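Mind having a look at this structure? Questions to follow.
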Amino acid sequence: MAFKEGERLLLIDEKGKKFMITLGERSQLHTHGGVIELADIVGKEPGYKAITHKGLEFVVIYPNLMDYIEKMRKLPQTIQAKDSSQIIANTGLCHGMNVVEAGVGSGALTLLLCSIVEPGTVTSYEIREDFANLARKNIREYGCTNSVIKLQDIYEGIDEKDVDLVALDLPEPEKVTEHALGALRPGGHLFSFSPTIEQVIRLHDSLRYSDWMEVKTIECIVREYEKKRMGTRPKTLMVGHTGYMTFARKR
Amino acid sequence: MAFKEGERLLLIDEKGKKFMITLGERSQLHTHGGVIELADIVGKEPGYKAITHKGLEFVVIYPNLMDYIEKMRKLPQTIQAKDSSQIIANTGLCHGMNVVEAGVGSGALTLLLCSIVEPGTVTSYEIREDFANLARKNIREYGCTNSVIKLQDIYEGIDEKDVDLVALDLPEPEKVTEHALGALRPGGHLFSFSPTIEQVIRLHDSLRYSDWMEVKTIECIVREYEKKRMGTRPKTLMVGHTGYMTFARKR
Amino acid sequence: MAFKEGERLLLIDEKGKKFMITLGERSQLHTHGGVIELADIVGKEPGYKAITHKGLEFVVIYPNLMDYIEKMRKLPQTIQAKDSSQIIANTGLCHGMNVVEAGVGSGALTLLLCSIVEPGTVTSYEIREDFANLARKNIREYGCTNSVIKLQDIYEGIDEKDVDLVALDLPEPEKVTEHALGALRPGGHLFSFSPTIEQVIRLHDSLRYSDWMEVKTIECIVREYEKKRMGTRPKTLMVGHTGYMTFARKR
Amino acid sequence: MAFKEGERLLLIDEKGKKFMITLGERSQLHTHGGVIELADIVGKEPGYKAITHKGLEFVVIYPNLMDYIEKMRKLPQTIQAKDSSQIIANTGLCHGMNVVEAGVGSGALTLLLCSIVEPGTVTSYEIREDFANLARKNIREYGCTNSVIKLQDIYEGIDEKDVDLVALDLPEPEKVTEHALGALRPGGHLFSFSPTIEQVIRLHDSLRYSDWMEVKTIECIVREYEKKRMGTRPKTLMVGHTGYMTFARKR
């Protein structure tokens, strides 16, 4: 498992600050704590401690999916992993399933979905070419091969049939309800992420109870704790809200 | 995709009540709303509406992983999917990775981990033979083949090396810290689920900062909403606490 | 401070179960743990331990306002003290102020408001005579003399002028916005409690920014902890939602 | 009710920014939005709109208790009103009661307690002379006359007897448990605010169940909502934790 040129690596300092690099692209990494000669890393193994010229230590490892998503170029409104992982808990999404997604944004949700369903496929609808290109770049660089991104408006319709999940991050998810019904297999799930409650209300209003079951809206609130010398307590400041997540299952 | 004898199916009534059956094992399903003749289901397709002799309608579909976990025989303290899915968000766990887990309980977490890492392997340590047998039965019946359950005490040590995740649901996780350090690859994660804060404090005290990074304790609180004729609001009663989840990453 | 006939007393057993009695009204109290002879309590002092004929011990004290509200006859939707006490935190309500309230319900909020503003007055609007009568009985029995309850519809108008607080627990608070503006002194507050978010949205839509300032909607979530032999943790089940509280201040 | 020299006034701009002044102390108020001639305010009534020389409008009103606490000089760790108002909800504190408090800090909790119990008395123990002086100044300037601050260590004992509430904001509340028992009347309450859970655990360990009842630890989490053009949602960032509040009642 020695590090080779062309591999993507993660360097983490003692306070948790991370740098993601590709070996061979540059000769040096300039950090807040000094310079690292990257050539020294070739041939070393995960866990190797690289030292800057000022003596700061960085652990070198292979990044995982979440490291990659953390460090890739993202749009401001990206769905967080705490939320997107609730898709698995609420739909049983797993390997071999097929997903339709819209809009793709920077591809963070796409990458997680691709990783879960592989060798299944994730087909993403996106109307903004700049977002589609950013997502394609992020996904290709990660090495993911089961993603298809279409420059197409999902409000106009869904081409795919018999899919296991339709995952939406759109301002008007209620416009996709009927299309999702046509695209999903019986027992398949609709997922929609919305920042505001008005969007949730409109989505619910569009879900006929003859067509859908297990309709459910949740919020996932993650509370982080800190243990300091003084004692243990939840962090003073927290993310109070990211969005509402609505699930529905085709009858 | 017509239903065949020997297949496991899910029947869901109009209020969401679920029954899980295996076609061919019994001829009738007796429900709160009357009897269903199961032979009628053979040859039908997912989405078929089975009707009881009293006229209640059930949709018939294949169960997914979460349906299966919901309906299988479980121990009272089983980690919920809202929590276990946070492992993915915090460790980047994905296909091909290898996991060590203890204790296995009824196998609910094992099943989720197996589903995510396939074709990687999940090795579970459990000291109670009755729990190990229940978990093996649940996992085998689901059709999962990448699980190994050992009747062995993880407090005594971990045999595996270079694993990506050590996942603990134990009263004294602090006894496994050193073993986990030996078992994990650099950059691999320790996960521990604990109902009480005293367990979290002891676990933190056992994690030397020279060996571990990204040490983090979270709670995942899921708040469910209901939209009724009167209006939309969070449910009056909610699950206030399941457990604390601690993550640490081998330096 | 010896207990006298006619006084209202609280008896609390070892598990926290409470009985509220008036000395002299009955000769015996029949509890789940046996009978207490109430005549024995006369002349005793707060902290006295009354023993049932089966040996169960009850502490005898004078009830405070919250004990009284807990034991008085209430309607199901009564605003909880965790919520109503936020009025003080957000409006600075204190002794000498004057309040208009609607609807009165069973008088729980009225009693708290009366207790805070005394010698100020709380004027309550209520359209249901049965509620008004129940509230009057509860308030009179507590011994509160600064409450006036009117059988009048606040949607039609508010007679009072220059009040410090208008407190609403009504299905359509947006119908009172204009009346409240006329009744409040500059710097006085509007408070509205609503179970659903649609009510909050309608109320906000009715508040012109030229007339109101410090418009704010909050939820107050109280999380209770338990320390058992196993350790310390939040209670498993909790009240997830009671209502939204909106505050606005007359410009 | 015309404004007179010597009165404390609050000026609030269109965005909610507040200034607290005493009429007659200065001739001008310099704000971010220009200068206000304060002499113009004399003789005006609450609700008067003062205009800066640049045209920014400020409403002029009398400050209430919470305005005063917001603007007075405070220490960083001051208990927030959302928390201190829970004392009322959990102890039934009201006018005429007597309270012992420690430590006094900047006097914010003292002011709230004084306001509630008046004409009862709040006796505060504080060992730091600078804090005691700051609190005395804040309390005197507000015009509160039922506060007594002692330069005395409450860990050494409590002089008062038969009090209704002992309210603690101290690093080691467990050192006051026995003293509180001696000071409280039967049915009186102990309240303790602690930022960390270890303090809560030690306090619980010091409370004998033969002496105390209704032992309870809570957190009060206030979630604020915002209604913007896009829609309604909880604020993105929130205060995740201030402290744990423990209540116990003398048996």
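For reference, chains read A, B, C and D in written order, and residue numbers begin at 1 within each chain.
Here is the rule we use: contacts are C-beta pairs under 8 Å (C-beta built on N, C-alpha and C of every residue); 3 or more make two chains touch, one makes a residue touch a chain.
What you see is a predicted model, and the numbers here were worked out from it, not measured in a lab.
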| item | value |
| --- | --- |
| Chains touching both subunit B and subunit D, listed by label | A, C |
| Interface residue overlap between copies subunit C and subunit D, same or different (over half shared) | same |
| Rotation in the CA alignment of subunit A with subunit B, degrees, nearest 5 | 180 |
| Distance between the centres, which are taken as Cα means, of subunit D and subunit C, whole angstrom | 21 |
| Subunit B and subunit C: spacing of chain centres that average the CA atoms, whole Å | 44 |
| Whole-Å gap between the CA centroids of subunit A and subunit C | 47 |
| Multi-partner residues of subunit B (at least 2 other chains) | 197-198, 201, 223-224, 232 |
| Partner subunit A, residues of subunit D touching it in the complex | 195-199, 223-224, 230-243 |
| In the complex with subunit C, residue positions of subunit A that touch it | 197-198, 201 |
| Interface residues, subunit A side, partner subunit B - complex | 10, 12, 14, 16, 45-47, 59, 61-62, 64-68, 80-82, 84-86, 88-95, 112, 115-116, 118, 185-187, 197, 200-201, 204, 213-214, 216-225, 227, 232, 244, 250-251 |
